[in-house]
Amino acid sequence: MGKSIDINVHHVTRVEGHGNILVKAQDGKIEKVEWQVPEAPRFFEAMVRGRNYLDIQTIVSRICGICSVTHSLAAIKGVEDALEIEVSPQTDKLRILAHYSEQVESHSLHLGYLVAPDLLGVNSVVPLVASHPDVVKTVISLHKLGNQWMELLTGRMTHPVTIVPGGFTKLPTEAELRGLQKKIKEGIPALNTLKDVILSLASRLPAFDRPTEYVAVKDKSVYSFYHGDIASTDIEKTEDVHNFESCVNEYVSPQSTAKWTKWHRDSYAVGALARFNVNADLLLPMAKDVAKEFGLKKGCCNPYMNNVAQLLELYQVAEHGLQLIDEVLTASIKPEKPVSRPKAGEGVGCVEAPRGILFHRYAFDARGNCTRANICIPTGQNHANIQKDFEVLVPQFMDRGQDELKLIMEMLVRSYDPCISCSTHFLNIDFV
Amino acid sequence: MSKPRVAIFDFACCEGCQLQIVNMEEEIIDLLSVVTPVEWREAISDQSTEYDIAIIEGSITRPEDEERLKTIRDRAKVLIALGACATIGGVNKLKNNFGMDDVKSSVYGEARDMPHLSTYPTKAADEIVKVDYKVHGCPIDNREFAYIVKCIATGKEPVIPYYPVCVECKEKENVCRFEYGEICLGPITRAGCDARCPSNGAWCFGCRGFVDDPNMNAGREILEKYGKTVEDLMHRIVLFNTGRKEE
Amino acid sequence: MSYYKMSEEDLRQWVDHLLSKVTVYGVQAKGDRFAFNALNDSSSLRLDYDVTILPPKKYFLPPKETLLSYKGQKYDSVVDEKPFVLFGVHPYDLAAIRQMDKIFSSDNNDIHYMTRRNNATIVALDVQTPSAHNFSGNMNTAVIEGEYDILLTKVDSSYVVDVRTGKGKELIKGMSGLVTAEMALVDSRHKVWEENKSRLRAYPLKPSLSEIPGLLDKSREHPVWAEKAELCFSCGSCVMVCPTCYCFDVQDEAEWDLSSGKRIRSWDGCMLERFALVAGGHNFRKTKEERYRHRYYRKGKYVAEKVGEISCVGCGRCVSACVPGIANPCEVYNRLKED
Amino acid sequence: MDARTMKDIYLPEPATLLEVKPFTEMETYYRIKLDSGRPLGHKPGQFAEISLAGIGEAPISISSSPVKTDHFEMVIRNVGNLTRALRTLKDGDRVGIRGPFGTSFPVNDVMKGKDLLYICGGMGLVPMRSVIQYTLDHRDDYGEITICYGTKSPSERLFTDELENWGKRKDIAFLETVDRGDDSWKGNVGVITKLMPGISIDPHKTVALVCGPPIMYKFVLLELRKMEMSNENIYMSLERHMKCGVGKCGHCQINGLYACQDGPVFKYSEIADVKEAI
């Protein structure tokens, strides 16, 4: 059994973007295990050259529909860093709040529409409408919460309008924020339902550990998605975001032609599990409880547990979101207009996308037009780690037979919540 | 058409337009009562070569994509271009303002000549095959998408705005961006978005493409009135409408 | 007819009192401009506004409204019967409502418009702050006599509340401590009116109002049409914001069951390119010039002949809404008079 | 005014298609009856709005003579959404009807006792047929009747049985032409104005009635002028884009006139100076 295996998944489904899995084994001997990304390269770094600093976030948000707020924020932070623009505490809080909406939208989409079908043994969310209507309803309500939250803060679901260098083009009203607060509170029971479903199915997550390095943003006192330095589970000291190139160390793999990243080992992982492994102590009470319920502890190196880390992050952003709204309301909304002016300079913006740490670097000329850009996206940083996981996983699970192995491998890819269309910087390998 | 079979395919894009379909939330269930999805990589695991309606997201940037699009066109009775990347090329066309070698080396440096990086100037879907319906916007507006699907299902030609965004901007009771000294592409951009950007305090970026007969000459003279130059205007236009004269 | 005197504070109290009983639309700040919107409490109500971005026509002829619902081939009328109060309408906008009333009630009565109209109580307000483009003084609409249920005029620091109709009486009913205005105060409104008539003239108008239809009659080939239209975007902004423009489109929209749905009316405009296009492909006003000219004929002659007065009330909204700055009726009519 | 007692001018009345018959590649014939049993009560030249829920509404001329009261007829060209959908309907299907609307040909006053000259181009025969039928039904009330009909090609001729009938009648003159003939076509070839020089009329006791595509009017009017017809005695039916049919939506305006209320039938002397009319 399982002597010869030939897996060729042309485009893993239920992930954002195109990725292929290739496994060839003859008589128990593994000949090839590959994770490929045939996504059409889109050249964003080339395209933003010559564009005005006011247009950058509008362009780069189009790198990815599902992390458009994150890309916009990274770009805006990069622009503000380069142009030495300071923003008010109000802007800062509202941006973090906007950023949270994307974590809610993205995590609930990923868990509900992309992962749940695997755990429930079906092909997609479509059959679940009939078989598990309550689960589907719950997922929809959470996803909708994320979207309404996003629309309020950024003006739209996908591709934000209001967040620009210097501030907001349109501010939410206090009444609208109170309304959001109410909606978030009403979302907690739905979160509990989702948690119970995942908890009941947690045993279906494959038991697979592979120690690796985890990299995420770290701030002093909060479980951070927005501010902070670069932290790794392999080192004590954090690294300034301006030096991100020396952390990601993009390289061309001898095994493939893809540009991969590594820091202290062959590969590292980013994403919810990485954030958890770096910041677990800073979680707010609700999320801490969820971690406990799942037995998720700092230092976990089962990539499938990324899904659980996403779940507890939903609690984290809900709880912290409520706090932030309180703070904004207590100070009361001031009618601030975004202020910025062109200037030559270079800057870096670093934030956590739902699927991991994201870096943008820009240089501008005196008119504020972009002269150079470098974007390093989380999925690109995970590709090498997925490949390394595969190399350990395939021999371990080969006995399960071709079909199950294939499913386990697809589930692994999905657990990273890859956002392949983001991979502006990722090179793929030869196709078979 | 009895419950048409629908397949969704993506080319170079951010997949944000597909996301707008997911963002229909409960209404997706209604959508499923009108069409049967047979391939939708982002949401379901099935794949199929038999479908009545093909929905194309993204721009065409490589020769192999062009072939894939032609195959899809051959198989489908109805082809819908979903979103600015497919309808007008969208942001992907910004690339066309540079030489392709320059584009590749600026991103990939030494590795620029690798075969899988082959890229050519971005094309919209209708530059390669016949497109039956266009769902404009970056991203699309899912209410318009729903409307178009319903029209196709009832055999009706959807009525898509041919007039500029200003109409909807006025309905939204916004103050015109020009009054704030900004260049807004609203007067030459096709409406249908409910003036989403001006209503959120920004100018119109032109993501729905031009109206049928944009008055470019007026554009130029008016810029002077507002102390702007044609260059300023072009800087803005290229964002979504590089090389696009008119629809 | 009865006259009361109120301080601004009394007035706000009155509005709060109304709000406990009925929907009130009043003028509030929208960014650095003004707009009619549903009031939550009187504190956001602005009585010193210059002009609203959209005229109050949006409450009688909304940008989008359902005329009918259907199920299979069976139709039902959808009529909005909710009563409301429109608080703080300037005289020129009231004059526009008077014109619209004629259009929608004469010949074939439009129950969708007229029901809203009949259910509305209008509290008019004499202008306190002139807008930069208002020329209602030229159009005889800076001051209005009648048409309203109640008229508020600020004289010095108090308001004269002129209650005209049964609806007006109904509105003021239950207000305790009403003070009847002394006749001298009531009369002193004439000063306000005379002042408004002369200061609401942001642009000069050379022809007299009665002269305009005749001027238009002989000006079809005038060069001004082509000159101005050259810059026109056909964007329709001028008609959307105009209190006397009422052209519309009608479209059906199905529900997901595909057999039920709505017939929806939405604003349309004669400045838009395909407005006069028919099925064979013939466009009866194909050029920008023809459309631009049509608009000024409509204001100065066609609609004017139907409603008995020039169909521009001088609110100046089109002047500020037009990006190329070609939509000023005064400029156009002056040109015709000059040559 | 109480809303409840007011009639909704936009509310269609239910009606049933008694017969649906394709006429040509583009045109379909419909025989329609109001479900209430009420006769439509139109005058020759008027139109009604026909609705299909979910698709829309369009103004269509009533093509039958008012003499028939148990049903009315329409002929509709497939040019867009509604007209395409109508073509797929079958006998017994339901539609909505509003109307009749608009002005009509003056069959009972001006036309009485006069010679009549009908000039119909293409679809123009459709509205004109109601008045032609009416005058034929009351043949004795009118003098000489001449009907000119032109189409682009023989295959576009409408009501062919009726045309044949007219051709055979001795009490009327029926002239026909097509822009382009084909093998089977034995009649005149050329645009409609080519028929006119051959007609001799007494301009003082003739009423001319004209309907056709926008382009036709200018040329027909030139010919009528040559015949010394006065503008007072020329009537024409004009088409415009219409959304409401009741004088509100603004689409059908011809300068200051509303095609839906002041028209569609106009006396030419009343619109000779209306620049956008012809």
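A, B, C and D label the chains in the order they appear, each numbered from 1.
Keep in mind that, in the parts below, a contact is a pair of C-beta atoms (placed from the backbone, for glycine too) under 8 Å apart; a residue touches a chain by one contact, two chains touch by 3 or more.
Given the structure is predicted, the values throughout are model-derived calculations rather than measurements.
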Following contacts chain by chain, what is the lowest number of steps it takes to reach chain C starting at chain A? 2
Busiest interface, judged by C-beta pairs in contact, is A-B
In terms of Cα-based centroids, which chain occupies the most central position? B
So which chain is farthest from chain A, going by the mean of the CA atoms in each chain? D
Chain centre separation in whole Å, for chain D relative to chain C (CA means): 39
Whole-Å distance, C-alpha centre of chain B to that of chain D, is 44
Round to the nearest whole Å and give the separation of the Cα centres of chain A and chain D. 66
From the C-alpha centre of chain A to that of chain B, how far is it in Å? 25
Interface hub residues of chain B, defined as touching at least two other chains: 154, 159
Where chain C touches two or more other chains at once, the residues are 251, 254, 258
Going by the touch rule stated at the top, which chains touch which? A-B, B-C, B-D, C-D
Contact set on chain D toward chain B in their complex: 54-55, 80-81, 84-85, 88
Within the complex, which stretch of chain A touches chain B? 11, 13-18, 38, 40-52, 55, 58-59, 62-66, 68, 109, 113-114, 117, 123-126, 129, 140, 143-144, 147, 155-159, 161-162, 164, 168-170, 252, 257, 259, 421, 424-425, 427-430
In their complex, what parts of chain C are in touch with chain D? 67-68, 70-77, 79, 81, 103-105, 107-112, 114-115, 118, 220, 246-252, 254, 258-259, 261, 263, 268, 270, 275-280, 282, 284-285, 290, 294, 297-298, 301-302, 305
Across the complex, what residues on chain B touch chain D? 154-157, 159
List of chain B residues in touch with chain A within their complex: 10-20, 22-23, 25-26, 29, 32, 37, 41-47, 58, 61-62, 65, 90-92, 94-95, 97-98, 102-104, 106-108, 111, 114, 116-117, 119, 138-139, 196-197, 199-202, 205, 235-236, 239
